[in-house]
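In what follows, a structure is listed as structure tokens, so that the remarks can point back to it.
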Amino acid sequence: MMMDWLIAGAVIMLVAAALSGARFPRVWLALTLAGTATLLATAFWTLGGGAEWDWRSSFAVGGERIHLRLDALSAWFLALVAVVGGGGAVYARGYWPDCEHPASAGRGRTWWSMLVLCMSLVLLCANGLHFLMAWEAFALSAFFLITLERERRETRAAGWLYLAASHAGTLGLFAFFSLLATKTGSWELGPMRDHAELAPLFWVALFGFGVKAGMFPLHIWLPSAHANAPSHVSAIMSGVAIKMGLYGLVRFSGWLPLPAGAGWVVLALGAVSAVLGAAFALAQNDLKRLLAYCSVENMGVILIGLGVALLGTANGDTAWGRLAMAGALLHVWNHGAFKALLFFGAGSVLHATGTREMSRLGGLWRAMPWTASLFAFGSAAISALPPLNGFVSEWLVYLGLFDAAASHTRVAVAIVPATIALGVTGALALAGFVKASAVVFLGAPRTQVAVHAHECGWWMRAPMLALAGICACLALAPAAVWPFISRVLVGWRSAWSGGKPPASLITLGYTHLALAASLTVAAIALWFRSRTNGVRRALTWDCGYALPTARMQYTGGSFAALASGWFGWVLRPERRLHWPRGPFPRQADFVERIPETVLERVIGPVGDAVMVASAWVRQRQQGSLPDYILYLVAALAAMGALVLFGSI
Amino acid sequence: MISILEFLARLAVWLFLAPLLPGVINKVKAWVAGRRGPPVLQLYYDLARLWHKGVVVSTFASPGFIAGPAVAWVAVLAAALLLPLGPLGTSLSFRGDVILLIYLLALARFCTAWAALETGSAFEGMGAAREVSYAVLAEAAVITAVLTLSMQSGSVSLSAMLTPSVGPGAVLLAVGLFAVLLAENCRVPFDDPNTHLELTMIHEVMVLDHSGPPLAAVLHGAAMKLLLFSVLLVQAVLPIGELSVAAASGAMIGGVLLVTVAVGFTESLTARVAFRRVPLLLTTAFLLCVFALLIAWKGGAA
Amino acid sequence: MKELLLIIVPLVAAALAALWPNNRTRPWFLPVAALMHTLLSFGLLLYPPEAPFHAWFGYDPLARAMLPAVSLLFLGCAAYGVPYLQLRSERSNRVFVPAFLAALGLMSAAHMARHLGLLWIATEAVTLSSVPLLHFNNTPRAFEATWKYLLVGGTGIALSLLGSFCLGYASLHGGGTGDLTFAGLVAQGASLSRPWVLIAWVLLLVGYGTKMGLAPMHTWKPDAYGEASGIVGAMLAGGVTTVAFTAVLRVRAVVEAAGAGVVANRTLLVIGLFSMLVAALFLLSARDFKRMLAYSSVEHMGILSFGAALGGAGLWAAFFHVWNNSMTKGALFLSAGNIRRAAGGRTVDEVSGMSVITPRSAALFVMGLFAVTACPPFGPFFSELLIVKSAFGTGHGWAAAFFLGCLLLAFFGLTRVVFAIVYGRPRQAAREMDPKFRETLAVIVPPVLLLLLSLWLGLFTPEVLRQSWTAAVQQLSPTP
Amino acid sequence: MNDWLNLLIGLAMGLNLVALGTSRLPSLIRVAALQGMVLGIMPLVIEHELRLLAVAVAIATVAIKGLVIPALLRRAMRTANIDRDLHPLIGFLPSLLLGAAGMIGAVVLASRLPLLPEHHESLLVAGSLASVLAGLLLLIGRSKAISQVCGYLILENGIYLFGLLLIHSVPLLVEGGILLDLTVAVFVTGIIVDRIQRAFDSLDTRKLTVLRE
């Protein structure tokens, strides 16, 4: 009963927020925060062992009665929606205020609440029809958020690409849900493991949800959308929205019977997404694009976990599958937290300097120490470095992988490459984030904009601090969230009775505490030691070069050149180089562009072919009446032939 | 109480024995070259001197310039403490600690690279770039090696998984890990610790601007890393588990010295390869580990 | 005989309008007659009259399932027509208004015609009555459009007359006594001579398909819609096409009774999917947003005949889609009319940034776009989803996949054009164009209402409509 | 009486060929008019007892198809001063051959279709099919609007012929159909003529291609 009221309240508050957004920013902020807080409360109530909430409406919408359910799995994702939704709302107040964006600020607020609402509804709906409705509504509100800055051509292009890709996915879901409905005879969703004939549907779902989840070959929309959207939007898109696709996969892989190859395919896709996502991220020169590709990578990590779990269920609900699944779920939260943090950081850099081009930045730590340190924290976390939260989840996935490999069953064929891929991914991600944070925040400012940067205000700083705090908690007390995870696991596979957290996880928590403490102590100690010995500021020695200029610093491109060179076969970098010539060389320049390989080398040609067909059809309709009559006759003949050979 | 004492003893072993190894290596190199060479304890003197020296910090550098080396040092030390010392075992052991060890080394790498990039020097940027890039390949090799060990032993915790199998697998693993050791510690043929041509260096060029206590931390950390890898290598290939304590410790020390001497000989007999061939070497090491893995897998299956 | 009022009222109104002297007040005939018509048709929807077996006109379940949608759409157009015609006061509407009203009456007649010949005559009359509407602007372009509409449509109509004759001959040959009411023909059933029935089906499908605008007989559509004013376009897209669809369905029932239902369904399926494909290909590279609407209408006709080909649940969904299509198309055409007025141009090269110049109409246009591309929560989403579902249910898996593919391509094309027109920077030229045009409530409210109707239809489909569609399905294929 | 009928139908079919063969617009118009008149009187030949409506329809047909429309077309032709369709889309010889082939095909098809006994030896079906084909051929093959109108008229004549099959059983349908079809013809012609009067345009359909993709 209380839950009914809470959720109804949350929905009403969010709707009210959407309505008030255009005119009353304060009211909007209050309502959104209240709504998300309520959602968070319900989520934790459910995760904390509260009964599964299940509600059916007395009235029908679209011919079906509304059926909402909140179980541990939904709650797990709902918590993420609530946290980032609330944090982003606060951030937006500082980042996208009316004074700077009179045209779009109000629109942005409205669609923000809509987005949060629709994502929550996606998580709650237990009826295929309404799930689809909420899904598409969520996709559309995301589209309107991405195109807030619609005066810019590239923003419009990115928004359209997103919309097109997402609609392709949605049509896949059309097929998925209508097949489900025809085979089960109703739109109701729920466990249906006993219908063996439903197994092939998993592939349709994999496409439909995979597009949204941004797994590798289907990720085409993701980089440009995340890069061109306003940063708080990028944060929720990358931290939460793509997780909706993942939610769909987890949800229906839990409810449907699975085809034989499911685990293998998901594992392979995960490995590919992880490695290539990291490689693409390393090669980017646009800060937000880098972060976007890194989302592909992290989705890959999560998918690896999911794939191992699916293999585990296929081999009799093994313990290693369970570990990997736990890791994947935890990584959902972790990635949500630090990816949002990083996008907020990138946003305040963009806000302060007006550029996302890393080669124009540098030395920002002096102007914006808060952002710099928070971004560094986020980078360390997302590179899965102990003692931070990213490591905990990857560690769980690793445990699953190692145990699976040690089980010496035939799954090892897939597990071993996946493990190595995960290791390589870690190293690549580390390189990428050293590059990102160092090129942006360290060294000397490369351009004037970097010199005149300013620290972001508290509206933007507070959410970053909150997210960093969440990361720290998840890092230092991972065992505390285990009960939640185990409830989700039981919800996913009833065979997996949750039980206590693995002893090693608790130990890891303590180790992290000790490690964090000693790191701080050591750093401070060394600082004091240097102080007592005396610190002298001097120009970078740089092998005795007397006049270093900012332009001489290592750029992001040169930093990444070595490692991304090994991935040249897929990155296909396009370089334009003018060598300096003659005794007094005038100008020499070097331009490098990293294309969207899949989009430009695969989707592009297909699209061109279709456009050729379209042009051909247009050629047939040039306004000549006799032709039109001819088509009439042709249709007559065709139908006649069809009837003739049909009736025989 | 006992445990605390034991922990302190372990700490002492790592802290005080580590700087010995570079000395030994240099001695061997000098001996091969027919020189007298610096005393074995040279690094101790250097560290002591540096610890009392003042610090010169680049004008661009942030506090991270000092914090980086400290964090890296702690990370390496922590990784070392996770590693069991043959018969003495380890003070802290849990499932998956080996992954923690690998990622602690990654943390160290992150901090060194970070500190290098603080100065905005092109050379140090170059060094950092090489460090993180080659680490990608080294990481693959390390993960594979660890995977091999865990498949052999069916366990994921260091104390249990360092039970080597005798035979071709061990040899392959030994060679592979040795190559990884050379790469990770920036020894010839991957890097030349005492060249003076900055363009050709990896690790040394990253620490160009460090001085005083931070530099001491960096050097000591590097020494510990070297010791760590040699201990790991020794335990990974020498079946010392079933020997008596004394014999085991003897074997350990002998093994570590052997590895050190081997490093010294490699350094004096081979030249640093061209940078574009480094990936080739690392890939070879990776493949060696893969073959070891395959053998371990078959062994486990049989 | 109340239902005959549906025909009489508009025709009388048309006559009066023709006699009415004042050019400024004449347009008011439109909403008044439309309102009466709507009330009447909905009254009959709620309290369906008996349709005597052999009656030539009858408000039978099929008419009941379709006609109210048309009169709703007409009401919207009529309400919009008043301000529109006052805006166009430079041209006399002495012909326009009567013709428009006559079209309504004749459409009602065509919907209610239960006699083969009468159906044909009514349809033809609708065609003729819409000729002056197309010619309203009296420009060379309008003339060309009219000429093509007349000749292509006329040929189609002639073919369908031939088809009707063939069907009649089939009944004669089967020993019929010259009773050409559909009820009679269905009753004659299997005794109809099969070859003649098949010939008749092909001729009638192509003939009425031409009026529906199924590819490849759609060629008149973009010209007509492109040149006609918004209300006429809406009327053609939501009303006249519906008439032709009704005709096809009535004939199909006879063919099914004659035992050739499978063949009929196959032809419907093929031509429906072909229309969707062709429309999608045209949409992909469309530049003119009024012609774009025409192709979208072609696509939806394809959807309708695909649904009809599936029979049963598919047919039910097709009726549902007729309603949604009428409402959304109406909203789209009317808002497009506003944009066209304000912008002066009609291609993406001339028009852009309308969200700045005409914010309301632009927002409407975008909403209509999402409605027509089957985005929830608008009606078409539900009907198309149901069609897909029944396609899968009847084992047409690949056809359904093809259907979805065409929907996707069409979505690409439509969104491309609409966003290009609505967003972006406004052309300077567009600002000065047609200062007479203002976004008054009178031109905004009708499309808004139509859109809301489509929303309401989708979310809370009234029970009476649901069971009227079920009844219509029952009437058309009594054997479940 | 059937042979009378068949004679007339044969005449109509012959006229189809003439229409397809001629390049001069006046003769084309004349042919269409003649065919219209020939068909117009047919009901009177078929009917046993003369009903008023039948007579009315016959008179209307003859009047409109034989006199009104041709007159209109001639005037239009004069104002636009064209009297030849010089550049047909399908040449005259090919269209003639096609028409002949169509005629043969029509006869064959008619003989294979199941017919009521009283229609067995009549040429109605064959004639109507042949005329429909001829009309379509003209519509597809000619470039001048006026010749297309004539094609449309011939197409209608074919349908009218078929309608005669049913004139006993369902006179109302047939006659209603015929009348309305006539109005279409009038409409088509009227619009053309009106256009030509105002724009002095030759109405070459190749010029009527402003509306295109």
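Chains: A, B, C and D, in written order; residue numbering restarts at 1 for each.
One rule holds in what follows: contacts are C-beta pairs under 8 Å (C-beta built on N, C-alpha and C of every residue); 3 or more make two chains touch, one makes a residue touch a chain.
Please read all numbers here as calculations on a predicted model, not as lab measurements.
Visitor: Across the interfaces A-C and A-D, which one involves more C-beta pairs in contact?
Guide: When the contacts at A-C and A-D are counted, A-C has more.
Visitor: Would you identify the chain whose Cα-based centre sits farthest away from the centre of chain A?
Guide: D
Visitor: What whole-number Å value describes the gap between the mean CA coordinates of chain B and chain C?
Guide: 78
Visitor: On a C-alpha centroid basis, what's the spacing between chain A and chain C, in Å?
Guide: 44
Visitor: Using mean CA coordinates as chain centres, what's the chain A-chain D distance in Å?
Guide: Inter-chain centre distance comes to 69 Å.
Visitor: Just curious, how far off is chain D from chain C if you go by their C-alpha centres, in Å?
Guide: Chain C and chain D have C-alpha centres separated by 31 Å.
Visitor: What residues in chain D touch two or more of the other chains?
Guide: In chain D, 136, 139, 148, 208, 210-211, 213 touch at least two other chains.
Visitor: Find every residue in chain A that makes contact with two or more other chains and list them.
Guide: Answer for chain A, listing residues that touch two or more other chains: 618, 621, 623, 625, 629.
Visitor: What are the residues of chain B that contact at least two other chains?
Guide: In chain B, no residue touches two or more other chains.
Visitor: Would you mind giving me the full set of chain pairs in touch?
Guide: Listed by label, chains in contact pair as A-B, A-C, A-D, C-D.
Visitor: Okay, in this complex, where on chain B does chain A touch?
Guide: On the chain B side, the touching residues are 51-60, 62-64, 66-67, 69-71, 73-75, 78, 92, 94-97, 99-100, 102-104, 106-107, 109-110, 113-114, 117-126, 128-130, 132-133, 135-136, 138-140, 142-144, 147, 150-151, 154-157, 198, 208-209, 212-214, 217, 279, 293, 297, 300-301.
Visitor: Within the complex, which stretch of chain C touches chain D?
Guide: Going through chain C, the ones touching chain D are 116-117, 120-121, 124-125, 127-128, 131, 135, 140-141, 143-148, 150-151, 154-155, 157-158, 161-162, 164-166, 168-169, 172-173, 176-178, 180, 193, 195-196, 222-223, 226-227, 282.
Visitor: Flag every residue of chain C that touches chain A in the complex, lowest number first.
Guide: These residues of chain C touch chain A: 144, 147-148, 151-152, 155-156, 159, 194, 198, 201-203, 205-206, 209-210, 216-217, 219-220, 222-223, 260, 262-263, 266-267, 270-271, 278, 281-282, 284-285, 355, 370, 373, 375-377, 381-382, 385, 388-389, 392-393, 400-401, 404, 407-409, 411-412, 415-416, 419, 423-425, 458-461, 466.
Visitor: If you look only at chain A, which of its residues touch chain B in the complex?
Guide: Residues 362-363, 365-366, 372, 376, 380, 383-386, 391, 395, 398-399, 402-403, 405-406, 408, 412, 416, 419-420, 422-424, 426-428, 430-431, 434, 437-439, 441-444, 502-504, 507-508, 511, 515, 518-519, 522-523, 525-527, 529-530, 533-543, 548, 550, 552-554, 558-563, 566 of chain A touch chain B in their complex.
Visitor: Can you check the complex and tell me which residues of chain A touch chain D?
Guide: Contact set of chain A toward chain D: 618-619, 621-626, 629-630, 633.
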